[in-house]
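All chains are identified by letter, namely A, B, C, D, E and F, in their written order; residue positions are counted from 1 within each chain.
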Amino acid sequence: MRKKKLSHQLVTHTKDAVLQLDANLDDQTGEGLGYVMAQLLAAGAYDVYFTPIQMKKDRPATKLSVLGDPQARLALTKIILSETSTIGVRYQTWQRTIMQRHFETVTTAYGPVQIKVATYGDLTKRMPEYADCAQLAQTQHVPFNTVYQAALVAVQQLKSEE
Amino acid sequence: MRKKKLSHQLVTHTKDAVLQLDANLDDQTGEGLGYVMAQLLAAGAYDVYFTPIQMKKDRPATKLSVLGDPQARLALTKIILSETSTIGVRYQTWQRTIMQRHFETVTTAYGPVQIKVATYGDLTKRMPEYADCAQLAQTQHVPFNTVYQAALVAVQQLKSEE
Amino acid sequence: MRKKKLSHQLVTHTKDAVLQLDANLDDQTGEGLGYVMAQLLAAGAYDVYFTPIQMKKDRPATKLSVLGDPQARLALTKIILSETSTIGVRYQTWQRTIMQRHFETVTTAYGPVQIKVATYGDLTKRMPEYADCAQLAQTQHVPFNTVYQAALVAVQQLKSEE
Amino acid sequence: MRKKKLSHQLVTHTKDAVLQLDANLDDQTGEGLGYVMAQLLAAGAYDVYFTPIQMKKDRPATKLSVLGDPQARLALTKIILSETSTIGVRYQTWQRTIMQRHFETVTTAYGPVQIKVATYGDLTKRMPEYADCAQLAQTQHVPFNTVYQAALVAVQQLKSEE
Amino acid sequence: MRKKKLSHQLVTHTKDAVLQLDANLDDQTGEGLGYVMAQLLAAGAYDVYFTPIQMKKDRPATKLSVLGDPQARLALTKIILSETSTIGVRYQTWQRTIMQRHFETVTTAYGPVQIKVATYGDLTKRMPEYADCAQLAQTQHVPFNTVYQAALVAVQQLKSEE
Amino acid sequence: MRKKKLSHQLVTHTKDAVLQLDANLDDQTGEGLGYVMAQLLAAGAYDVYFTPIQMKKDRPATKLSVLGDPQARLALTKIILSETSTIGVRYQTWQRTIMQRHFETVTTAYGPVQIKVATYGDLTKRMPEYADCAQLAQTQHVPFNTVYQAALVAVQQLKSEE
């Protein structure tokens, strides 16, 4: 199981402020919510997530949360209002502490895997990219965890050689 | 704060087996689920509860669970099939260990409160009835917990006099 | 299945800012939480919802969230402090994008149903009111979805005639 | 908005018994769980769903549940054991009440939509297929709900002509 | 069952603003999250809680939330970045309404129990401390609720003597 | 980073049937539930977990689930009835497929870590023990994941030498 550092991509710059949009939905189906998640991600939302909540009149419900660029507020709001049953969207801005990121590539017995390298002060984390591990697992007919752990081992060996 | 034991109602007999009906719902609104809970309870279900689940295609969903008399299976199934979007209902039977129950009444400074007395072997639990506490809290303009705790105190005093 | 536009009610005006009050509760029963939801809604809260959370020492817990008018903060806070076990309530204000709303009425084979009409720019949504559908379903002995879909059809026919 | 009944596909036959496989996972990432859901569905599981649970030592966890053909137990079990961190899978069989199903097609202003028709005794439900509505919504650049409701209207008109 | 007021501890002063740090985690195990909860509490976080959420690509996930002193932001952030897979932490500040607190002690048949006394204007709540009740329950071999309710009774008697 | 196989412990034998006990709780605090989880684990339950559910009358609630030896049913039932507010416990038996397990030990730069080795047919999984990693992380002042990944690397090297 050999590994090779193939490339250093550019550092990803990120903003310090992130917009959160929230809507509580008790008259929307789960099917429709899966659809709107895809629309919001396609429109550039950083993250879309659902939280199970409980609303009045014994209604199980879902809170839709969208994180994104504050500049994208109107575009994201319009998708939520168009694609869900809500009549209102609330929003606020959070500050963020973000690690700087770049990508390295290691080679495993199953093929190359990109590694996300995140740094903050003297802290560095290296994490195998899900998409690469998943693709190799499927094409090589091995469990996902086998590829993922092989990538972790390649990362450790890379570090011990530095 | 005085209390008086007002009555001993008959023991509630319960069956040893309980039916569970389950349906996973990803194309049903929360509004509609609140409605079906009421219908199922009105039809004699022992208990109806919702569990938040996550289904395929990024869909937040709800598992509807109904506990009831095995004899009531067809009636409860028909309500689920009529009132929800599901096309199937799965079911099984659990065994149950049930404490024997009767009701006593204590008097608090806010009025009388029924106490559920549950026994199983040498174990006895006494628990104030929610509905009584809630009604007294509203009519007497005191917090619910104030009435509930007053009922607990009355219960303890009753026990210490026995 | 005929429909008739019966009335145009006044547009509902809404504020741009909404208060959120939150409290994490690990020493409160679910019974008591159902009670406090009713108290908060009766006191004018816009929305009350529960989120299942997990707190320290292996405790399943509930986050109580209340949305309301910023002017109502002290009144809502007092209810939370009186009716729950929490010793603190945290709060913040969100901005909101709200669609303008008015109500129309359509007639279905089961009776009249109010339709909430929500508009925002060139977007218009028409949604049958739950309470009307639920009442007709019960009095006419048909499934809730039958009435709801009949109202949707009446809405579509109304739109195609405009 | 016209509609036309295009076809009657064969009734889908279904078994009366369904297998449930469960595993509690506290040492598995969500990324890996999304992967295993896809593997299980590809292997013929009827349904795969996740339930948020809380395990010992303050661990948020996920219960993986798989519904499938009792004949597929070993194949599904092997995927769970290979692709997740669990060392055990528990299983049981539920009985099921299943509505008979066939598909019809209606034509909306946005294109044709398959309708799932489910029958059980004198109960008949017609529900637009998600995949068709989603595809038309994307290609016609209209909200998902617009297509879905158009399909519901076409269904109602079909029924009133019968 | 006698009780005695043993002591009045000093009022606990609390700040009006509380920091919230949030991170969405889909590539972290539950085991690791239990570990980080302990680290954060040991570092002085006021509260740490987990919310089950649903992220893209069919991933069950957990939102880690930390409440703490705004002065502790960097220290708490560093623990989250070191001990979890997240590459970013978002944060905001809430205002708080906090009841003033001091502790009293009552004596029950099982031993002494500290009572948290919380006051806000004319509202006073007295709540038995969990740790004391749990310890007495274990050493006296009685159910937790037996000790808890005995403490509540002692509290009520104390109040009626004031 | 060297590793050494220190020992092969005996295979853990496990039963094919596992008991599940369930109780729905809407009148119990989270504090008390954390307490009962500890009691049940101390009494030999294999696993105890909580599922957030939603019960009637707008009550957030918790389903307590206990997995254990069918022989332990009465003992576990008695704890649930004594320590919670429920008046009934339902139970059933699942079949189980269990991987055979033994433990190996690897040595990392931070100290020795036990590895759980699970086998089923031609499938073998090796997973670092949480408790060992957590203890080393705390005593060596490094992140939990650093120890965990070092153990994974040691496992991989062990396998490549076999």
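Convention: a residue touches a chain if its C-beta (ideal position, glycine included) is under 8 Å from a C-beta of that chain, and two chains touch if they have at least 3 such contacts.
According to UniProt, the chain labels map to these proteins: A, B, C, D, E, F = Nickel insertion protein.
All of these numbers come straight from a predicted model, not from anything done at the bench.
When chain centres are set by their Cα atoms, the one at the greatest distance from chain E (Nickel insertion protein) is D. The rotation relating chain B (Nickel insertion protein) to chain F (Nickel insertion protein), fitted on Cα atoms, comes to 120°, given as a multiple of 5.
Among the remaining chains, C is positioned farthest from chain F (Nickel insertion protein), on the basis of C-alpha centroids. Two copies of one chain, chain B (Nickel insertion protein) and chain E (Nickel insertion protein), touch each other, and the residues they use overlap strongly: the shared fraction of interface numbers exceeds half. Here A-F and C-E are compared, and the pair linked by more C-beta contacts is C-E.
Of the chain pairs listed in C-D, B-E or A-C, the one whose interface repeats that of A-E (more than half of its contact pairs identical by residue number) is A-C.
Per-chain CA centroids place chain B (Nickel insertion protein) at a distance of 25 Å from chain C (Nickel insertion protein). Note: centroid distance chain D (Nickel insertion protein) to chain F (Nickel insertion protein), computed from Cα atoms, is 31 Å.
Within chain C (Nickel insertion protein), residues 27, 31, 37, 50-52, 54-58, 60-61, 82, 85, 92, 125, 130, 145 each touch two or more of the remaining chains. Every residue of chain B (Nickel insertion protein) that touches chain F (Nickel insertion protein) in the complex is listed here, in rising order: 14, 18, 20, 37, 41, 47-52, 65, 67, 92, 94-99, 101, 116, 118, 120-121, 123, 125, 127, 130.
Put simply, chain F (Nickel insertion protein) touches chain A (Nickel insertion protein) in their complex at residues 1, 52, 54, 56-58, 60, 125, 145, 149-150, 152-153, 155-157, 160.
On the side of chain A (Nickel insertion protein), the complex with chain C (Nickel insertion protein) involves touching residues 22, 24, 27, 51-56, 61, 63, 77-78, 81-82, 85, 87-92.
Chain contact summary for the complex, chain E (Nickel insertion protein) toward chain F (Nickel insertion protein): residues 31-32, 35-36, 52, 82-83, 85, 130, 134, 137, 143-145, 148. Considering their complex, residues 25-31, 33-34, 37-38, 50, 52, 55, 57-62, 85 of chain C (Nickel insertion protein) touch chain F (Nickel insertion protein).
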